[in-house]
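Read the structure below first, then the notes.
Letters A, B, C, D, E and F mark the chains as written, and numbering starts fresh at 1 in each.
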Amino acid sequence: MSVSKNTARATRVEEYLIKDEPYYEPVGQEIAVFEAAYRQQLPVLLKGPTGCGKTRFMQHMAWRLKRPLITVSCHDDLTATDLVGRYLITANETVWVDGPMARAVRTNAMLYLDEIVEARKDTTVVIHPLADDRRVLPIEKTGELLTAGPEFCLAISYNPGYQSVLKDLKQSTRQRFVAVEFNYPSAALEKKIVRRETGVDEAMAERLVKFAGMTRNLKGSGLDEGASTRLLVHAGKLMAAGIDPRTACRTAIAEALTDDPEMIAAVNELSSSLF
Amino acid sequence: MSVSKNTARATRVEEYLIKDEPYYEPVGQEIAVFEAAYRQQLPVLLKGPTGCGKTRFMQHMAWRLKRPLITVSCHDDLTATDLVGRYLITANETVWVDGPMARAVRTNAMLYLDEIVEARKDTTVVIHPLADDRRVLPIEKTGELLTAGPEFCLAISYNPGYQSVLKDLKQSTRQRFVAVEFNYPSAALEKKIVRRETGVDEAMAERLVKFAGMTRNLKGSGLDEGASTRLLVHAGKLMAAGIDPRTACRTAIAEALTDDPEMIAAVNELSSSLF
Amino acid sequence: MSVSKNTARATRVEEYLIKDEPYYEPVGQEIAVFEAAYRQQLPVLLKGPTGCGKTRFMQHMAWRLKRPLITVSCHDDLTATDLVGRYLITANETVWVDGPMARAVRTNAMLYLDEIVEARKDTTVVIHPLADDRRVLPIEKTGELLTAGPEFCLAISYNPGYQSVLKDLKQSTRQRFVAVEFNYPSAALEKKIVRRETGVDEAMAERLVKFAGMTRNLKGSGLDEGASTRLLVHAGKLMAAGIDPRTACRTAIAEALTDDPEMIAAVNELSSSLF
Amino acid sequence: MSVSKNTARATRVEEYLIKDEPYYEPVGQEIAVFEAAYRQQLPVLLKGPTGCGKTRFMQHMAWRLKRPLITVSCHDDLTATDLVGRYLITANETVWVDGPMARAVRTNAMLYLDEIVEARKDTTVVIHPLADDRRVLPIEKTGELLTAGPEFCLAISYNPGYQSVLKDLKQSTRQRFVAVEFNYPSAALEKKIVRRETGVDEAMAERLVKFAGMTRNLKGSGLDEGASTRLLVHAGKLMAAGIDPRTACRTAIAEALTDDPEMIAAVNELSSSLF
Amino acid sequence: MSVSKNTARATRVEEYLIKDEPYYEPVGQEIAVFEAAYRQQLPVLLKGPTGCGKTRFMQHMAWRLKRPLITVSCHDDLTATDLVGRYLITANETVWVDGPMARAVRTNAMLYLDEIVEARKDTTVVIHPLADDRRVLPIEKTGELLTAGPEFCLAISYNPGYQSVLKDLKQSTRQRFVAVEFNYPSAALEKKIVRRETGVDEAMAERLVKFAGMTRNLKGSGLDEGASTRLLVHAGKLMAAGIDPRTACRTAIAEALTDDPEMIAAVNELSSSLF
Amino acid sequence: MSVSKNTARATRVEEYLIKDEPYYEPVGQEIAVFEAAYRQQLPVLLKGPTGCGKTRFMQHMAWRLKRPLITVSCHDDLTATDLVGRYLITANETVWVDGPMARAVRTNAMLYLDEIVEARKDTTVVIHPLADDRRVLPIEKTGELLTAGPEFCLAISYNPGYQSVLKDLKQSTRQRFVAVEFNYPSAALEKKIVRRETGVDEAMAERLVKFAGMTRNLKGSGLDEGASTRLLVHAGKLMAAGIDPRTACRTAIAEALTDDPEMIAAVNELSSSLF
């Protein structure tokens, strides 16, 4: 059991600053739109499938705009209290501890709520006053009303491919955001990314990208999603570590995409035709 | 981790006072009705779609009536305790901390419960004694019975377009309120608002308002809601920051309204015909 | 944040005494029945639609019988603990704090549980030993067994028009009560009430009562309920503050009754024919 | 707010002793069976409709067997912890506080769990080791294993008329009990009870019993249950306080039985034919 | 309110030792199989209907193997924390308190989880590391990893007759156990048990066993289960206390088995033909 | 009640080191793939039925890579807090206690989340930042951002045979992992395992493996799963302890697989044909 004293510390904002430029290949005007929204103090919503670079884009923008990046992965059990903050009892006094949202407002950080539609409704609502032109965060438990500075920036993301009626963003939430759509990069761009991230040669990168395209065509015909760029990188990395291409594609791509024995066989067959 | 001592402080009501007149263009008799209800000590219910100015109206009325404005965004996990207040343990004593509702009554503030139908039933019921001619707030946990002064004012809002049977206001709640309906402003008024808020020229503002009207006609034919005035302001602000009109409309309006690829294409086509 | 010390205080029963006679117009034998039940130590159940005077009747009876009136608005999240009481930790000792039910028994008050069917089942059950001839309140957490004095009085209310199978009172609960039904007053009586509460003249009061009758006829044909006496009072008060009758009826009555655009139009048309 | 110190006190068992013989008219062998089960240390289950005397019977048996009677009204939110006991933090130490079940075992009391089927499943299961020949109560939180003395007695009750599949007692629970069925008393006996409890004369008692029989025939044809003996007593008491018989029957019986306007009219008509 | 200090005590394992041989009549190889599983450190699952001796068997095996027996009746609200242990705050320090599972591992006891399918899923999963060849109990809250000694023994039970799809044991749980099935004893054996436990004569015991057989034939034709051996013992004990056989069978067997009036009548008729 | 002081201790990582080589027979390239993923810092997902060696494989890899192995059995009630850590109040200070996930990151351990699909969604999401190339664990409650060293390794497992739509891994989770499928070993290999683990002779091991194959053919025709290798080991161990083969197969295999009387009979018949 590791134990650390709960002493008052200054917010360690430097921990959240990204020092080196994260590698990111733009696919459209997403960087310009994000910067315009940032200058106009409008919050941004990123939409797109898993593994196509939303998280990397946020790291890149945080580096580019020199803002600390505070990321929260949303889920069913994340409460407004978890986001805003809570009282904590210590031996000598009761202290208030900021959650990531209050911390981000106080430090003029970039706050990124990943997979927002997975959050409970109270999480979604708690961002409303921060996400319109009031740009305030009322902390009901302390009676404070934090006002966000011009450098504070709010971004949220989700994958519209998964949404059900139950897990849709309310209009009163989504109409507060400028929305940027993400998708898989072009073949040429994706090949470049795979080579740079894994070190495989051009021919292998090309075959991986071709293979990805085949699986993406199966979306809706047995697969929930096709292979993302991330999966190609995984396969490339396994090959770089000495695993043969077919085994790499089976474990990093086919088995990662689905549990359905017939679909796994189909994807493996596609892989056999290429590697 | 930022930490602040939990020492007794006077209610910082001045934080909630709105110093400068918030820009608001009346569309009907809403200001007169609100003032009459306020003078007669009747609570007010604002109905209308998202982004059509309900929050701005409340800020305007709070400024006009010189009342501090305490806003609560309602949601599923907001409890009566969150609203009324709770006991908090400190090292030396247990202190009672008012929630926004008790704080509003004690400071003769304007209490605004946004999206009331999202609240849990106990939140809805806890306002009953404040919302009829008793105008009291019983605090069961302390045994106190707060009586609201004549300047205290209660307002709630919701969007009737979203209501399902499950999320309807009970008759015993709604029959306690004077109800004012909000809607999109007239084209002329909306153009004026867009110009003032974004700085785009008259021709562009006119095209944006025309575009908004087209999307509002799609409500119920694929869109849950049309573009609100707020979305027009977003698009105008992106243009003011150098983004071309089509990209601005796509990211600030089309993608913000829906995730359906066909509807996005349809809305983008409307935009292409205008910009 | 307003903060108050949690020191032991005597129950402030005088706060709950009603000093001035609340205006109440009897519509039947409800006062005699209530007094008989009170003398025989039988609990009372009030049934009737919202806004027809149940709460006012309780205030009147509390004044008449010179009992402090402790009212609890029931809801889904009200626990037996909220009603009976709880332990509270302070710096020097753990103290027991009575909830409204224990407080009412100890002070021989009139305990009124409003909208009892909205309560959780445990709230309903916790009143059983108080509501039969045992007239005791066992406080399981302290091991105390409070015996109600002859002046203690229990009343509950609900609106039978809303009940679904899920929200029905159990026979084992309802068969413990003497049940009094409430309804809208006669036209003559209602006119008298509206005049006295709002100050509008006789002609206007008559038209308001006529209008109310029209909306009550729409109950079940598009409206969940017709306009209650309370809504007429609201409209009258808006008129008294200078709002024209049609706007007063639209905001205080039509929009308060329903969100359905067609029903609102229909009710407004009825109003146009009268005002 | 009334406040009492949480100091260690001896269990005040005498509070739960019933000093005067509670009036009870036996309808069958229930007294003999209960006494036999008590002598053989078998737990007892009472079945029957509301208001037919189960609670009074328990009070009578507790008086007869000279045991303190600890009654718990079961409900959805009653936890095993509520029944068994919990730790309580005070300023100087953490103390264990017995719940009613542990208190009953330690004081050799009669423990009566009313409406057991309303309890959560954990409440039902927690009685198993007490309800078979082990007769022990393991207190998991303290590691104690309480053994019940020969004078401890466990009884539970429910109304089989209400049971749904969801709210049935599990076979592993019910097969631990000797089960005694209760029902309405014979007309002669019921007349005797009504007279003794209300003071109405023989003719009126006879008419009330006749009226009760009529409503019992409506069970299943619009009424969930007929009028219990308790309701007759209520009506008689209202008459004794000066309310005319028809009003007494309407408020104490018809309105207490149902909210259905047609059924109320039907029951009132029956009443008019008799009174 | 009985109160006891929360001071550190050695685990009182002797309380859980069974001193006298519990009466148990084996019906098959269950004793040999249990002993083999115990020697091979395999956990055991007991299956069978209520009242057929599973609990008595565990008491017998605990006595035979000289292990303390720690029994937990499982239910919906039993958490992993309840089983494993929790931190408890006292005035001077925070202490860790073992739950029954950690207590059993530390004292090399026999841990018996009764009606395991009633437990929440986390209870089921928390036994996995103890129930395979790792035989460890990780205590996540303290970081401890308890290793069970060779004398520790785990047994669970349930009634397969009740299982629904929702309340089935997962294969990953059940495939960790050696499973022993229990059923009603043979007529000769059951007669022997009834005589020994109640003192009724041979003829009466024979008639009771015959009666039980008749009810067991009704299983699935109106009865959920037939009369268990335990119910015969109850009836015998009531007779021994002077209750006539028919009343004893009605209250101890017929009414204990079902609430259905027709089934009760049918079972009573069977009883009339025998007694 | 065993009680231990909550004093600060260094993380006892050595407890989680596996000293002796765990017996494991590879069935494919799983060891090479795991090692490549480990070197490339990619997390691994193990898929396969219960009892086929996933847990043993993890123990083997932990031994082979000389990493402490921290295993968490996932379930519905495991919270993100349980995994990451929590504040704990002591007499003198409030201390932070790492959960298994933070402990694993700090000690460069191998973290194994068994049956991940049983976990709540928040458990699944909390691993996202650790499972992609960020390899960080944000601890929202303390504001810390733990960065995993190159020796930290994350693995998860589940049984795809059980998955329902509700309990599927989200694509955004599964596309973060390299996935290795497990299955029953070949007959020759399984025979070798059974002999080594139980000590039964070759002929008996062969018959057990044959028997297992028969039950596996019944999967989907009445059995949810066939007998795993673990069940064969159980049966062999019972035989080694003197139980006859048919009883051993009935209790260790047939009754462990199913509660359906017909299926048990069918499996026992298969067993009779072999033993």
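Assume contacts are C-beta pairs under 8 Å (C-beta built on N, C-alpha and C of every residue); 3 or more make two chains touch, one makes a residue touch a chain.
Here is each chain with its UniProt name: A, B, C, D, E, F = ATPase AAA.
The structure displayed is predicted, hence computed values, not measured ones.
Novice: State the chain with the largest centre-to-centre distance from chain D (ATPase AAA), centres being mean CA positions.
Specialist: Result for max centroid distance from chain D (ATPase AAA) is chain A.
Novice: Which chain's mean C-alpha position is the greatest distance from chain E (ATPase AAA)'s?
Specialist: The most distant chain relative to chain E (ATPase AAA) turns out to be B.
Novice: Determine how many degrees of rotation, between 0 and 180 and to the nearest 5, align the Cα atoms of chain A (ATPase AAA) with the equivalent atoms in chain C (ATPase AAA).
Specialist: Best-fit rotation on C-alpha atoms: 120 degrees.
Novice: Examine where the copies chain D (ATPase AAA) and chain E (ATPase AAA) touch and state whether the two sides share over half of their residue numbers (same) or under half (different).
Specialist: Answer different: the two copies use largely distinct residue numbers here.
Novice: Express in whole angstrom the distance between the two chain centres, defined as the mean CA positions of chain B (ATPase AAA) and chain D (ATPase AAA).
Specialist: 50
Novice: Taking the mean of the C-alpha atoms as each chain's centre, how many Å separate chain A (ATPase AAA) from chain F (ATPase AAA)?
Specialist: So the centre of chain A (ATPase AAA) lies 29 Å away from the centre of chain F (ATPase AAA).
Novice: For chain C (ATPase AAA), give me the residues that contact two or more of the other chains.
Specialist: 1, 9, 11, 89-91, 97-98, 103, 142-143
Novice: Which positions of chain A (ATPase AAA) touch chain F (ATPase AAA) when the two form their complex?
Specialist: Listed in rising order, the residues are 1-6, 9, 11-12, 15-16, 49-51, 55, 71-78, 82, 88-91, 97-100, 103, 114-115, 118, 159, 162, 224-225, 228, 230-231, 234, 237-238, 240-243, 247, 251-252, 255-257, 259.
Novice: In their complex, what parts of chain C (ATPase AAA) are in touch with chain D (ATPase AAA)?
Specialist: So the residues of chain C (ATPase AAA) touching chain D (ATPase AAA) come out as 8-11, 29, 32-33, 35-37, 39-40, 42, 45, 47, 79-80, 87, 89-98, 102-103, 106, 120-122, 124-126, 128-129, 132, 134, 138, 140-143, 145, 160, 163, 170-172, 174-181.
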